[in-house]
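Everything on this sheet refers to the single structure shown next.
Think of it as A, B, C and D in the order they're written, each chain with its own count starting at 1.
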Amino acid sequence: MAAGRELGIIGLGKMGGNMAERLRQGGIQVVGFDFSAEAVKRLTDAGSTGVSSLEDLVKNLSAPRAIWLMVPAGKPVDDTIAKLKPLMQKGDIFIDGGNSNYKDSQRRYHELEAEGFKFVDVGTSGGVWGLKEGYSMMIGGEEPVVESLRPIFEALAPGKDLGWGYMGPAGAGHFVKMVHNGIEYGMMQAYAEGFSIMGQKKELNLDLEKIAQVWRYGSVVRSWLLDLTADALKKDPGLEDLEAYVEDSGEGRWTVMEAIDLNISAPVITESLIRRIRSREENNFTDRMLAIMRNAFGGHAVKKD
Amino acid sequence: MAAGRELGIIGLGKMGGNMAERLRQGGIQVVGFDFSAEAVKRLTDAGSTGVSSLEDLVKNLSAPRAIWLMVPAGKPVDDTIAKLKPLMQKGDIFIDGGNSNYKDSQRRYHELEAEGFKFVDVGTSGGVWGLKEGYSMMIGGEEPVVESLRPIFEALAPGKDLGWGYMGPAGAGHFVKMVHNGIEYGMMQAYAEGFSIMGQKKELNLDLEKIAQVWRYGSVVRSWLLDLTADALKKDPGLEDLEAYVEDSGEGRWTVMEAIDLNISAPVITESLIRRIRSREENNFTDRMLAIMRNAFGGHAVKKD
Amino acid sequence: MAAGRELGIIGLGKMGGNMAERLRQGGIQVVGFDFSAEAVKRLTDAGSTGVSSLEDLVKNLSAPRAIWLMVPAGKPVDDTIAKLKPLMQKGDIFIDGGNSNYKDSQRRYHELEAEGFKFVDVGTSGGVWGLKEGYSMMIGGEEPVVESLRPIFEALAPGKDLGWGYMGPAGAGHFVKMVHNGIEYGMMQAYAEGFSIMGQKKELNLDLEKIAQVWRYGSVVRSWLLDLTADALKKDPGLEDLEAYVEDSGEGRWTVMEAIDLNISAPVITESLIRRIRSREENNFTDRMLAIMRNAFGGHAVKKD
Amino acid sequence: MAAGRELGIIGLGKMGGNMAERLRQGGIQVVGFDFSAEAVKRLTDAGSTGVSSLEDLVKNLSAPRAIWLMVPAGKPVDDTIAKLKPLMQKGDIFIDGGNSNYKDSQRRYHELEAEGFKFVDVGTSGGVWGLKEGYSMMIGGEEPVVESLRPIFEALAPGKDLGWGYMGPAGAGHFVKMVHNGIEYGMMQAYAEGFSIMGQKKELNLDLEKIAQVWRYGSVVRSWLLDLTADALKKDPGLEDLEAYVEDSGEGRWTVMEAIDLNISAPVITESLIRRIRSREENNFTDRMLAIMRNAFGGHAVKKD
């Protein structure tokens, strides 16, 4: 069986494991590898082919092979490609479905192309909900190669012709996904600020979960993120036990830097990133410096630790 | 017929006219007034009762009357209430469904309550789509009064129990709607920045409409606003004929000021407002001053008009 | 002795006390009142006239009297004016040298003017350094009235013709002072961010105090605030004992709201205010909501308290 | 004569030419080269040694040579070093006084060090005013090498021990200068916003130049930038003929990116950069997209070009 009806997957974690299962349900023959024997077993138990080495992975696929990498961005992607190359043949396809920087994807495409391999970059959105609802996929690479993988994208996507598309040359997939995440930061921050304002209006004693539920239908701000937010507020209305600590995953900061490089003003996406960074700063030096300046010129009191 | 099964509406424009029609379709008896004879005729033609004076409006309703004001925020609301009061009876209900400042709604509630009238404030979202999809309504006032109007809200809403809710005491409806719009500004700005970045990445030649379509299914940023954006990009992919000029309607700036008053940091909603203000500034003085400063200390060239 | 060579001062705290002393040194006859007997004694010990009641204050001044209020903005100003009015005569001058909102100053001018009194608003900058270096004064009111007080302004200012000026009609003084403080917020934040960045660049092991000292001479960012900052860093290089907690005094937020009202985009002054507000938010709800959203769509871990 | 009492300078433009002259006045023997014969002649006319080739430049200096590069950042610096190296000896010192990225300076140091050369990076501030007032210099490199150049820095600086200093290892000079410029952006933007707000308050008819003059003495916002601003407003009170177009020179955007890399939140420096980028965007796509979104959900009018 050739590319398009079967797929090798490397990385069977939260994302990769679910994708393998959705592919299997969609009639794609999946051969999966993970360093975790447990993850491999889960795959096998579900009815796909789990293997315990890259050699076995490649052996279980027929040329031209398509192997989907679902490993952490950066060095792990380069390392995995380096280990796979000696095992593979010209014309085989590497698919990077992780959160790689689009510049890395452009570089990898050129490196692999020079050696006769194919490379496709897939920005994948959908998170833990993808197994059930399908994954949104933004795809970069050579169009005929992408087209040869159509059955795979159709199986992963929310619908045959929905939620996936060819975006352009190598890197285009990860570029669009990067901006997607930048927008995501901005939307999340907008909602979170709004709910904070409402929560602080103590005199009105507003019910944040109820508001989120009302807004889900008919309002201008209805969205999937709001659906999830309503659900989270239902489970924990005051978000009492959480720390006010927000990670960022890379794409947000890449979007901000790309905007600067392109000379596009993007204040809201940028602020959203800055605010996440701020959430992780403790005993902020900037603020202590402001306090000491106020003291220095105005004699204003400072708080001592 | 009493409050709940019939409704007077003042203001039959884009919003009010559509709401009247949705109510009629939902089995509510509507009596409508507008200064525009044409708008009144449209209502009558559609099968509701159009009248040409406030006196006739009140006469055509049975006590306790409910009259929905759909007039511009500010003075027009006060003026209309002032004209209506002599015509109405104790126990009658004023409903302000427009974009009033919540502080005005709190004031009006207290003024009307002192004279024996009822007042309900309804933040209404849904725009030109409300007729078809229903209106999201955030409602403030005395809960029994709101409850007495339930059939009206059920008819207007996207579903019997969907998209509307009692938010709290007078003013709560307009407060929540105000914040809703602040969030809306932030979401819009996030999308717009993201699409700008992608449009500027000329080397990838990205198709913005296609991206919007892909994101509508399965992605984290899917939303109703994105659905509309995809549609707008389909009609005019480059948005060529538009001016880069963005109005703001009041709620956004009220949200920003409220956040400051409440000591809640809301950088993204605030930036979204600032950016709209910026879009309307011509031959910006701030930027000219930066240019002349750079010239003054560094001898950097300035552009002359 | 008439207005211009003698002055009543109400409020002999940090600011008022120092101003009284600078006036005395400048040859102005000062009569001062404060609720604190200790503050009055300090004034008397220094060689001016301290009094223990408003009646005595007025009695010790000859018409047309000039009385400088150095009391907290808001109600205290109105209360003090109300108590003084019955004791004073038409033509007497009220001077508000505090941090009042300019709209209050405009209102007070009109109220006092209708009763035959004069009113002058003075935005005063200089803080604890004013006694030694002089006060910068931005003055609003009727120009002839301001002119009649010239010797007082000359004595308080850094130089006879330096650092003070007539700005325009009533309110103009406090308006300009308000914007002055908005700019001050922005400058402080710019410095503080820069020093934070440098402090975080651990590999270069930069000496922040030394940098501040170097920049004081010849650099584009040299300023009085930098002089103070260099001094503060000398005393406490790591600002170790301070809390990262920054108050704001009113003028900053008024500037932000005024900018919005005037439709001027002022992102940096606004951000500076937001950042101060942020410094006072604990266990931030916005950030907790972002964390729970990330968990909801991506399964990203959250930190529990 | 050895390093410290004589200096080769490459680049005799606005900055380099003035620095050569200040050095000459300070008793340093200057040998200067520029591609412009006119610039070389100006140097010779002023009493220094102008040469027309790099060979002659090197020949006219005695080992260990010190050559100060005042050429545009980036490739020109690398090219000039490449051309000079074959002409120079081990132990000779390259000084980069331009606006190079500190990472390039770190790289150049290591490359040159491996070949036996010395490298010093000098962040230089002072612009067109440096000849008269002296240059602020932030210096990175090996401390003994920097020390050997002391007479040169003393001659260029505003005072023997003022306005210059050793900042740390190679790159530290340009790093500190980079942040200096980031702060400069923030300060400029703060002033410019403040003056814009005041200029827009038409009812008060404020005199912006007068305000700037008043603030120069005794106020908290007094600074050298304000001195220049007051002067610029004197020459052209309304800044009428200028375009609202602001360049940025590199250091600002590097500061923003460095802050992100270091996980320091720097909203004001960042906004200042974004605002400059915004000043150069024409017929803004972001704003057009906001306009079409408002039209799509609310039927709000859009402006057509």
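By definition in this document, a contact is a pair of C-beta atoms (placed from the backbone, for glycine too) under 8 Å apart; a residue touches a chain by one contact, two chains touch by 3 or more.
These are the chains along with the protein names UniProt gives them: A, B, C, D = Decarboxylating 6-phosphogluconate dehydrogenase.
Not measured: the values here are computed from a predicted model.
Student: Expressed in steps between touching chains, what is the minimal separation of chain A and chain C?
Tutor: Contact-graph shortest path, chain A to chain C, evaluates to 1.
Student: For the two copies chain B and chain C, what rotation in degrees overlays their C-alpha atoms? Round to the nearest 5.
Tutor: 180
Student: How far is the middle of chain A from the middle of chain D, if each middle is the mean of its Cα atoms, in Å?
Tutor: Distance between chain centres: 40 Å.
Student: For chain A and chain B, let me know how many angstrom lie between their CA-based centres, rounded off.
Tutor: The computed centroid separation for chain A versus chain B comes out at 34 Å.
Student: Using the average of all C-alpha atoms in each chain as its centre, how far is it in Å between chain B and chain D?
Tutor: Here chain B and chain D have centroids separated by 49 Å.
Student: Counting only residues that touch at least 2 other chains, which ones in chain C make the list?
Tutor: Expected reply: 127, 189, 191, 193, 196, 200, 220, 224-225, 263-267, 271, 274-275, 278, 286, 297-298.
Student: Which label fits the chain touch graph of this model best, line, ring, star, complete or other?
Tutor: It is complete, because no pair of chains fails to touch.
Student: Once bound in the complex, which stretches of chain D touch chain C?
Tutor: 125-127, 130, 133-138, 157-159, 162-165, 167-169, 171-172, 175-176, 179-187, 189-191, 193-194, 196-198, 200-201, 204-207, 210-211, 213-226, 255, 258-259, 262-269, 271-272, 274-275
Student: Spell out the part of chain B that touches chain D in their complex, as residue ranges.
Tutor: Per the stated touch rule, the residues are 14, 127-129, 188-189, 191-193, 195-196, 199-200, 224-225, 228-229, 231-232, 236, 239-247, 267, 275-276, 278-279, 283-300, 302-305.
Student: Can you list the residues on chain C that touch chain B in the complex?
Tutor: By the definition above, chain C touches chain B via 220, 253, 256-257, 260, 263-267, 270-271, 273-275, 277-278, 280-281, 286, 297-298.
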